[in-house]
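Attaching a single structure in structure tokens format; questions to follow.
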Amino acid sequence: MSALLQLEKLSVAYHGVDAVRGVSLSAPRGAIVSVIGANGAGKSTMLNAAMGILPARGQIMFDGAPIHGLSVEERFARGIALVAEKRELFATLPVEDNLALGRFRFRREGRAAAHAALEEVYDLFPRLRERRRQLAGTLSGGERQMLAMGRALMGKPRLLMLDEPSLGLAPLIVREIFRIVVSLRERGVSILLVEQNARAALQISDYGYVLENGRVSLEGPSAALQEDARVAATYLGFGAQEDGDEDENGEGDDDDGEA
Amino acid sequence: MKKAFRIAAFTAAVTISVSALGLIASGSVARAADPVRIGVTVSSTGPAASLGIPEANAVALLAKEVAGHPVEYIVLDDSTDTTKGVANMRKFISEEKVDAVVGSSVTPVTLAMVEVGAENKVPVVSLAANAKIVEPVDEKRKWAFKTPQNDRLMAKGIADHMAANGVKSVGFIGFTDAYGEGWLEEIKPALEAKGIRLVAVERYNRPDTSVTGQALKLMAAKPDAIMIAGAGTPAALPARTLKERGFKGPIYQTHGAANNDFLRVGGKDVEGSVLPAGPVLVADQLPDNHPSKKIAQKFISDYEAKYGKGSVSTFGAHMYDAGLLLQAAIPAALKVAKPGTPEFRAALRDAIENAKDVVYTQGVVNMTPTDHVGQDDRARVMVQIKDGAWKLLPASK
Amino acid sequence: MSTPASTDNAAGSVSGAGVETAPRGRGARLVAPLAALAVSALIPLVPGLPQFWITLLNYIGLYALVAIGLVVLTGVGGMTSFGQAMFVGAGAYTTAILTTRYGVNPWLALPAALAVTGVFAWGVGAVTLRLSGHYLPLATIAWNISFFYIVGNLDLFAKFDGISGIPPIAIGGFAFSDGPSLYYLIWGAVALAVIATLNLLDSRVGRAIRALRGGVVAAESFGVDTGRARILAFVYAALLAGLSGWLYAHLQRAVNPSPFGLNASIEYLLMAVVGGAGSVWGAILGAGLVTIIRDQLQDWLPWLIGARGNFEAIAFGVILVLLLQNARDGLWPHVLRLCKARPATRCHHAEAGELAPRARSAGEQRADAPVLAVRDLRKQFGGLVAVNDLSFAVGRREIVGLIGPNGAGKSTTFDLVTGVTPPTSGDIRYFGEEATGERARVIARRGVARTFQHVRLAAGMSVIENVALGAHLRGHAGAVGAVLRLDRAEEARIFAEAHRQLGRVGLADLADRPAVSLALGQQRIVEIARALCLDPSMLLLDEPAAGLRHREKKQLAALLRQLRDEGLSILLVEHDMDFVMGLTDRLVVMEFGSRLAEGTPEEIRNNPAVLEAYLGGVA
Amino acid sequence: MDLSIFLILLQDGVINGAIYALLGLSLVLVFTVTRVIFIPQGEFVSFGALTLALLERGQTPATIWLLLALGVVSAVAQVWQGRRTLSARRVLAIAGTDLALPAAVAAVTMLLAPMKPPVVVQIALTLAIITPMGPYIYRMAFQPLAEASTLVLLIAAIGVHLALTGLGLVFFGAEGSRTEPFSSAMFEIGSLLVSGQSLWIMGVTAALVAALGAFFELTLTGKALRATAVNRLGARLVGIAPSMSSTIAFTLAGFIGALSGVLVSPLTTIYYDTGFLIGLKGFVAAIIAGLASYPIAGAAAILVGVVEALASFWASSFKEVIVFLIIIPVLLWRTWGAPVVEEDDH
């Protein structure tokens, strides 16, 4: 497996402090890589830098080529998509328009192709088909996450970066979403998953990184990380509770969503 | 840091070099052979730009040498803004050491400049029309003169023409500014003197796109005639609207409207309008014995040679007249003192005040200690627009 | 953590560099202004300086006065005004009318000019300042245009011709009529304005104004009447404009509407922004730069282009755009960086006396009623019932946790009990006293302090200044006292208190750092310190543990327990089960806006309904 | 005031309001997509009207030189900004839109202008000259400031306004111009006299509004613009470059401005600086609409026009005072009507 996305010694200053300090990370083709860590560890900042939303120092390689100087849109055109923590939907547009805009860069390909792509996403997220005429702003949290993922998929990305997809969602929906993430890997989309919900993330991923205070404190195959005592103590809660209780570690009622 | 430095350095460099240039320039301007220095501030930009631009243009036609002495003109723009006008005034006095100032184009700016002129004992020759600039001649206005005809003189022309043509009631529409205001003040007594009633007064703004409301209101008062007090092309809008709304009576304009652009924009809507104007407007039609005919024709041909056919306007003529006035006064002052001295400025002021029979492009001037305009009926002709051109009307009694 | 891009936008303000205030310590505080004063006093004496440059400097001084006002209003208070020329006009016309028609001495006309301007600004502000966002700038445009035409059309103001013959300002027989004497008069006024403004910004009232940028809700939650703070900033800016107008009238000796129109207002704003609206020095720089560039362009453009006139505006517009592109926070921050100037640090007077405790209400002193009692609380947004007849109580010395799946209505409940939004129905009581529908700042007065889910610290302020805002209700100094610097003893006590609270939460070392430079977790702790500065009886914490590391969570829990043992009651909304289970005395579990369960952590852990809510049943 | 006068005033107000509406829509569009309060919108009106007037007189308008100059500067600015990632194709594209296009427009204008072509051609030339100035100005002045605060963008807009007004004076002089009406027909409807020109204005305005509506509702590009307006970051995340959306928005602004100028110039004399006040009234309408809603902006613009017409009848001296002060209660109502929310920084 060669690396699709490769971060070398990435540092990102945010509000005058280094939120990410010298992170090196690689996301191989056809794999799910998860990055776990507490809120504030720098996970989102790292993703935003990889997408070009935040300026960064260090090297960012995609598919063997440096993409450091590229804008967000240009990176998207190369095949990187980010589903942001706040979803960043077009709240006042209907679901279907949100999806259609995900294909903006293929707008010259004609109606038939657009329709086929749309159907593909609807098959993946049947809930979105039901809500196709509804305004994105009126969707529930889970539906928003689905729409954000579906919109990103419309652009046919090679690498899908997910920022806290479980954030603010009920456990059942989280399971559903994670199931779809796994199915995407089967379709050949590589995944970089950032999660606070460490257990769920490590369960579906191939490889994991633990981010602490802007640095990688631990990395390894997900199975090994799950066994690691430090990870278990810090991020997976301490045993006695029912599975999923602390899945709610996510924060935010997502009340100010796409304002 | 590097960027910060670059920006700061850039700004500092710009500011310092610009300032340094200013310093050097102000210090090193050659003051050859005691030239007489005249500061000119006109409103080349801002609301009165249509006045200021031809005035600034006319400066190039003024005498460069009077009685063997070079005369220098320093022209600044005051943007039709009082603050700038006064700042220019102070710049003339402190930096350029001028002997007299010509300007500005509009009354409010001039009024403020006159204060500074009096304070520093520098004569000011205004190109604005309002009589307030020079009346009454007191300690302050001692230093103020002006070349445009008093609105009163022009208003009287209108009132006379109205009376002669049986107009009994008049509606007035003017600019919402000093020009409209000044005219209203002058036309009221002029009409009263002739027993004509002013039945409606309306206002509009120079950049207004519609005066329908005002026109309807005027017509509702059923006046025999309507007069429009606006300067330049904006004066055409009410005429057009009135025509459009079916007003059939005579329409009077003011001399502010008297330029070719007004004819171009007004087109057939201003056909038949009557207005008072300076003789320069119809120089070629003047009877040969009119004192201003020759000089006016010279001004027109010089101006058009420089700025193109049809570009001339009466505003430029006011500047030209200011030049003629100074030209007449400077020799007397030169006998008293050297230019650039307070004595010269005082002498120049006295000389202007004593100017006699100076022939303007617009009439003949005889200044007195109580009259700093010095014009008589010869400074005004009545003109009618016929076939898209100015037509001189025979003098009424 | 919020999305970086959006936060970036929010922080991308005009005052990127933050507001400087006078450094503390009497000696240091006066050095910069005094040095500036000394240098500027010598300027007219420079040999060979063209007299016109003094005239120019006089105009710069007049403009700087107005621009300094805009620093308070726009750069610090975040309110954009296109109406400053109108207030200059108010000052100028007042003095013009009084001195020319009634023969009043200019010095006597000064208080009148300021009073008229102040009252006028207060009236305009009272009507207009409630406007949010872009409405305010437009409203000021509307006022300014109207002012221009009203003045131009009324006989009182001598219409468009204006009033001339205004006497010069004089002391005894000496008239300030020539350039150099006016220079001292004008720049003396500028110096006073600078000192007054620095004093104002570095005070209790100033913090309230500066906190406006951090968000109205946060400021209100600590008892700041943000409406009053806005009006105050507006009136203060107008007064400086009025002062400038008074000087203008007597410098110019004539007034008419043209210098007080919209264009002039635009120019004032432009000066403040070009120089750097975040700083008084930037305002002076901006006024100087704009005036000099304008003047010099007029001299040099005809010479450069070879054609006369009309090109100044073009060149000026282009230069303005280029300046902004290269220095969007204005030039002053760049000048500062060039000088390697560091923000002044405050010396903290440990020996300053104790800040008096907040006066407690009768209810707070009684021991019988619960600290917070919520009964049948309901909130509907349109058809959506966010909180559905919720009842619960928090007792004395008790830590209660409010938990529930996302969307259960916890945050809405929090907003209701903190007065951010009014409930649709139901009843909220603090210490047995009715508080339903009361606004945040009233609830703060009752001894209730809070933190925010999305941290709300004022961007331009240091950590300790943010914390000091918490003590707003424990101070009394007003704007006048602040300007005259009569508030020093109280300020010292406030800062000593802020420092103590920072020490309590373990962040004393970071006191002088800009608040936004801290890690998000630390910012949450700063919020707790700020809340403690209120001297509260009750603490409401919205997800305090989010973003904290394991060890920090433990420390926070210990601190909260200690606070409880000292007599505080605490209600917290939290997602971190671990944290909540180990800390709280009692838990209230919400689902679909209703109370699902209530009990000790142990009871909740074993409650089947709770397990169901967390694990399934949610579609 | 009797009914017939009222009707005349109403008609007058609605016609002026239609122009304000166009400008108001354009301002809302530019603001929502780019966060720029586009003060220079009015200058496009003046430039459009005066360019047409010059063409009508058979003169070559100086605005073509401005167009060429803006194109060159815009091309240089773009090459400079993208100097790190520039491809040959990109350079060609820039050369095409910023150099070849204005050069072609200028050449055609110079060729046709002295021949006094039919009005339709004159109008087409005018639109072709003025419209591209919108995107050029965006790229020069605003693109480098894309992430700046609204206030900084506003001040930059004022800078552009000052520069353009100055250029207007240089190009057109201080005196105004009026063009021939498209139609000199008059229709009598009851006691009301309706001019053909006013029908033109209403018709074109309605058509333009409908076209804009279709563009935003039916085309993907239009939706991309709306998407940028509601969520800039979201739009970037799906590959909609803000520079593209902004370019379109500014192109529309240029077009709408020029078209408004063409429409209004037969009705009244237009000066180099008339645009500012017309634009400001469009701005009033846009603000009443919260800089967000197109239908409200349109309605508010008509309201402004009608109030202005009535005020000019009742109290012409205080017309501007009335027009501008009437918005304060409207703004208050809007503020009070909206829930108190945490204000954004800008």
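Labels A, B, C and D are assigned to the chains in the order they are written; within every chain, residues are numbered from 1.
Quick note on the criterion: contacts are C-beta pairs under 8 Å (C-beta built on N, C-alpha and C of every residue); 3 or more make two chains touch, one makes a residue touch a chain.
Which chain is which protein? Per UniProt: A = Branched-chain amino acid transport system ATP-binding protein; B = Branched-chain amino acid transport system substrate-binding protein; C, D = Branched-chain amino acid transport system permease protein.
Because the structure is predicted, anything quoted here is derived from the model rather than measured.
> Common contacts of chain A and chain C?
Chains in contact with chain A as well as chain C: D.
> Centre-to-centre on C-alpha atoms, which chain is most distant from chain B?
A
> Quick check: more C-beta contact pairs at B-D or at C-D?
Of the two interfaces, B-D and C-D, more C-beta pairs touch across C-D.
> Centre to centre, by mean C-alpha position, how many angstrom separate chain A and chain B?
72
> Using CA atom averages as chain centres, what separation in Å is found between chain C and chain D?
So the centroids are 36 Å from each other.
> Measure off the straight-line distance from the CA centroid of chain B to the CA centroid of chain C, and report it in whole Å.
50
> Which parts of chain B, given as residue numbers and ranges, touch two or more other chains?
Expected reply: 45, 53, 176, 203.
> Residues of chain C touching 2+ other chains?
Chain C, residues with two or more chain partners: 3, 5-6, 8, 11, 149, 153, 310, 312-313.
> I need the residues of chain D touching at least two other chains; which ones are they?
Correct list: 166, 169, 233, 317, 319-320.
> Okay, in this complex, where on chain C does chain B touch?
48, 50-56, 59, 149, 152-153, 159-162, 164-166, 177, 179, 248, 252-259, 264, 289, 292-293, 295-296, 298-300, 308-310, 312-313, 323, 326-327, 331, 333-335, 337-338
> Show me the residue ranges of chain B that touch chain C in the complex, using the header's touch definition.
1, 3-8, 10-11, 14-15, 18-19, 21-23, 25-27, 44-45, 53, 56, 75-77, 80-83, 86-87, 90-91, 94-95, 107-109, 111-112, 114-116, 119, 130, 132, 140, 176-178, 181-182, 203
> Under the stated contact criterion, what part of chain D meets chain A in this complex?
By the definition above, chain D touches chain A via 84-85, 220-221, 223-224, 226-227, 230-231, 233-241.
> Can you list the chain C residues touching chain D in their complex?
Touch residues, chain C against chain D: 3, 5-6, 8-14, 74, 78, 80, 127-128, 130-135, 137-139, 141-143, 145-146, 148-150, 153, 213, 215-217, 266, 269-270, 273-274, 277, 310-321, 324-325, 328.
> Sort out for me which residues of chain B touch chain D in the complex.
45, 47, 49-53, 173, 176, 202-214, 216-217, 220, 232-234, 236-237, 244-245, 259, 261-262, 264-265, 267
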